[in-house]
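Quick heads-up: structures coming right below.
Next, two complexes with chain A in common: one pairs it with chain B, the other with chain C.
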Partner chain A sequence: MNTQDHISQEYNEELEALRSKALTMGGLVEENFTGATKSLLKGKTQLAQHIAKEDYKVNALEVSLDEDCSSLIARRQPAAIDLRNIFAVLKIVTDLERIGDESEKIARFAAELDNDATSMKFYSSLKSLIISAREILSSALDCYARLDADKAMEVVQLDSGVDSEFMNLNRTLTTYLLEDIKNIEDTIKVMWCARSIERVGDHAKNICEYVVYVVHGNDIRHITDEEAE
Partner chain B sequence: MNTQDHISQEYNEELEALRSKALTMGGLVEENFTGATKSLLKGKTQLAQHIAKEDYKVNALEVSLDEDCSSLIARRQPAAIDLRNIFAVLKIVTDLERIGDESEKIARFAAELDNDATSMKFYSSLKSLIISAREILSSALDCYARLDADKAMEVVQLDSGVDSEFMNLNRTLTTYLLEDIKNIEDTIKVMWCARSIERVGDHAKNICEYVVYVVHGNDIRHITDEEAE
Partner chain C sequence: MNDKSEVELLQELGDTVGKPTIEGNPRMSCRNVDVFYNKDSQAIFDVSVDLAKNEILAMIGPSGCGKSTLLRCLNRMNDTIDDCVVKGEIKLDGEDIHSKSIDPVLLRSNVGMVFQKPNPFPKSIYDNVAYGPKLHGLTRNNAELDDLVEESLTKAGLWKETKDRLNKPGTGLSGGQQQRLCIARTMAVKPEVILMDEPTSALDPIATATIEELMYELKSSYTIAVVTHSMQQAARISDRTAYFHLGRLVEVNQTNTVFTNPEHELTENYITGRFG
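Our next item is the complex of A and B:
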């Protein structure tokens, strides 16, 4: 192997290590979101308190990944697909960090709830929203792991489903507030959680859009916004 | 002027044009946020409808600025402070785009409100939160325009004030829901708006953190999170 091949192999390994670290961050964020929503659904206060404390790990990975991107660009002067790969990491870590923040918020509210969500009338709608959001996040990370742009385009479409489930749940919660004023504080906490869950869907959609950008080089952000509303 | 100087001057001009375009986006976003919150406070439905339709301009600037960054990196192979400048643009446009989204949400809710916010009991708290958020956004953009890292460090501290104003308003709104159940839908819309306004404070804080990163090269994100909570 000549020096040029050696450098090129090292470079590829660095790029792969970067993507792999972003996927590790994705795995951690997914775990926290699953834990936070589980604690919300099942009233698991201890789990909620644990998740609320875990976000610093996500934040540390964000800072470290941004540094890795910066160092790679400065040392390797990437172009074309390599540069797109690095750009995608820079953008995806921002979305992952925000999903981490939303999971932390959900966990904090879950820990504060006086009543078990299972006893609430809107439990099944909440559960359904959570399952949809988990599915879109998991699929988005899967698309990124496989760099599957076709699947990513399909997953982007799922976000409007999450949005309409959120709007329906929101209407149900408003009606519930009118009927059962004594549980008002808990109901509002569930509303904030529902909003956070809906935001996770948005971030998962963004991740899919970056997958398309890496693979095809075209930026599809905001093109599908009108349909999704 | 020799060829090297010429290339170097062109390069500097490109970097300055990039920052200037990011500032144009910042100006537009600030204008939309001011308009959206004004329509919320004063019940200006037409202004609200106008703002809600303006977000596509912000989105287009985001996509265009990301392209500019990518093209600059590929052609100029920047290092050190030049690379940090480009990185900051990449990150700042994401925050600006999100502020645009929040402004659009506020405008949509403002257009839907049945009652004029001025008639609401919590009007003064809402106004105070809006003034604080406008101030932090305006200061953050000013710090970026001047690349003033010292001022940026001060502005970062202001975000915890916005957060606590939001929490107080949220408590007031919850009490208000209990007292005046017939206005429940409007009160919840104001809650969502308050949340969006609080998020604008977070994004402004992020912008300040990137200013410090450009000037000093150190990443201060998440360091101040614990204090701010």
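Our next item is the complex of A and C:
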């Protein structure tokens, strides 16, 4: 995205600051998600508790970015690429905030599951799901930072991989629920975590769709892959 | 974006992008129009564009881009400028406006014009509106003329404010009222097309909003082409927007497209405030 070259230097700076703040929020959200999933996998209670308390920073950035966007729209009447850019920030920020919420949920469950063997039983499947979700989130944020619409289109396709990882884990967890009713509570907690991780993939996919919108002006949401191409 | 300079982009400029022409019968059509102010100074280069019936076409672009020149071609106002030569074809309802059978005065009653600065005649409000119909013999008696004046002032949204002071000078009205009086004067001669050259640039925001509302209402009966320096105004009022740059018509598209996802980089640079 080119936020420069406006006649108004102040406008350049405001757009650049907006973009910079959105990327900062993306970095914080990615950090929280990584920490939350790490604590889930490795049973790190302190880290989980820390992450669970960090979400307020993400929320504060969401509020601040919303204010910045409304202020820019009111004062600058942006058009074309600038309008799409601001509009995309508004949408991306919502997805980032929800990823923050999912990370918080995962961290809280991870703290409760500490020293419990339940999550360890599904370590392999969980790890696979987490790696896929981390990859799609990281790639989505990278696409936004570089405004790489071609890569974003590729990353959108990765979400189906996260979905199938989730379905696999879900089947395993369901089987385990039927077999071992005593551990039903912990198994359900792991299930909730898996659901949150899968949702992060969906939000990352949304971010990629907004990148395509910013760059090409095309809305590729809710259409088939062929139509999007 | 902006990898290329403005000059490079202009050199690469081929045909107008977007949808400069329309399907069906346009109210007005321009084909390959060139305008020269003298032998060495070409103001417009090969412009082709249609004006559809009952649409508002906004013409935007930096100063000196040729938008007002093209507007003035549409009712042969450029005939009044010495050394101005217009080439190409301009048609109103399929008839060439430069054909010998066309009377320019009659053409200007069919294609009326509203200017940047309100310019009422130094006459009464009534006479300002009645002047054109009298000149063209559009009414048979005073009663018909009274009705036409009332109808025109009503369409211009000025009747309620002026019905009790029709004999007062038009110049005594406020700026916004004067501009609406000029619009009423234009409508009194029953035009098909109304050309507006920055009609609200001399008005405050409230008077501007009134004129814009009026334009929206007039659209159902007339075709309107408006030159404006206010991109927000173009975005608010027009159905299609035409972007001019150094005498070239760069892009014509649906207004929504132009302001959210313009096709040409020059259009994007202009509407996002990267030059102008």
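Basically, the second predicted complex is superposed on the first by the 209 of 229 C-alpha atoms of A that agree within 3 Å, B and C clash if a C-alpha of one lies under 4 Å from a C-alpha of the other, contacts with A are read in each partner's own complex, and residues count from 1 in each chain.
Please note the rule applied: a contact is a pair of C-beta atoms (placed from the backbone, for glycine too) under 8 Å apart; a residue touches a chain by one contact, two chains touch by 3 or more.
The structure presented is a predicted model; accordingly, all values stated were derived computationally and were not measured.
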| item | value |
| --- | --- |
| Which of chain B and chain C A:66 touches, first, second, both or neither | first |
| Touched partner set for A:8, first chain B, second chain C, both or neither | second |
| Touching partner for A:90 - first (chain B), second (chain C), both, neither | first |
| Contacts of A:195 with chain B and chain C, given as first, second, both or neither | first |
| Contacts of A:77 with chain B and chain C, given as first, second, both or neither | both |
| Comparing the two partners chain B and chain C, which touches a greater set of residues in chain A | B |
| Chain B versus chain C as contact partner of A:185, first or second or both or neither | first |
| Shared contact residues on chain A - chain B and chain C | 77-80, 83-84 |
| Footprint of chain A on chain B - complex, ascending | 56, 59-60, 62-63, 66-67, 69-70, 73-74, 77-80, 83-84, 87, 90-91, 94, 174, 177-178, 181, 184-185, 188, 191-192, 195, 219, 221-222, 225 |
| Touching residues on chain A, where the partner in the complex is chain C | 2, 4-8, 11, 77-84, 216-218 |
| Contact set on chain C toward chain A in their complex | 1-2, 231-232, 235, 259-262, 267-269, 271-276 |
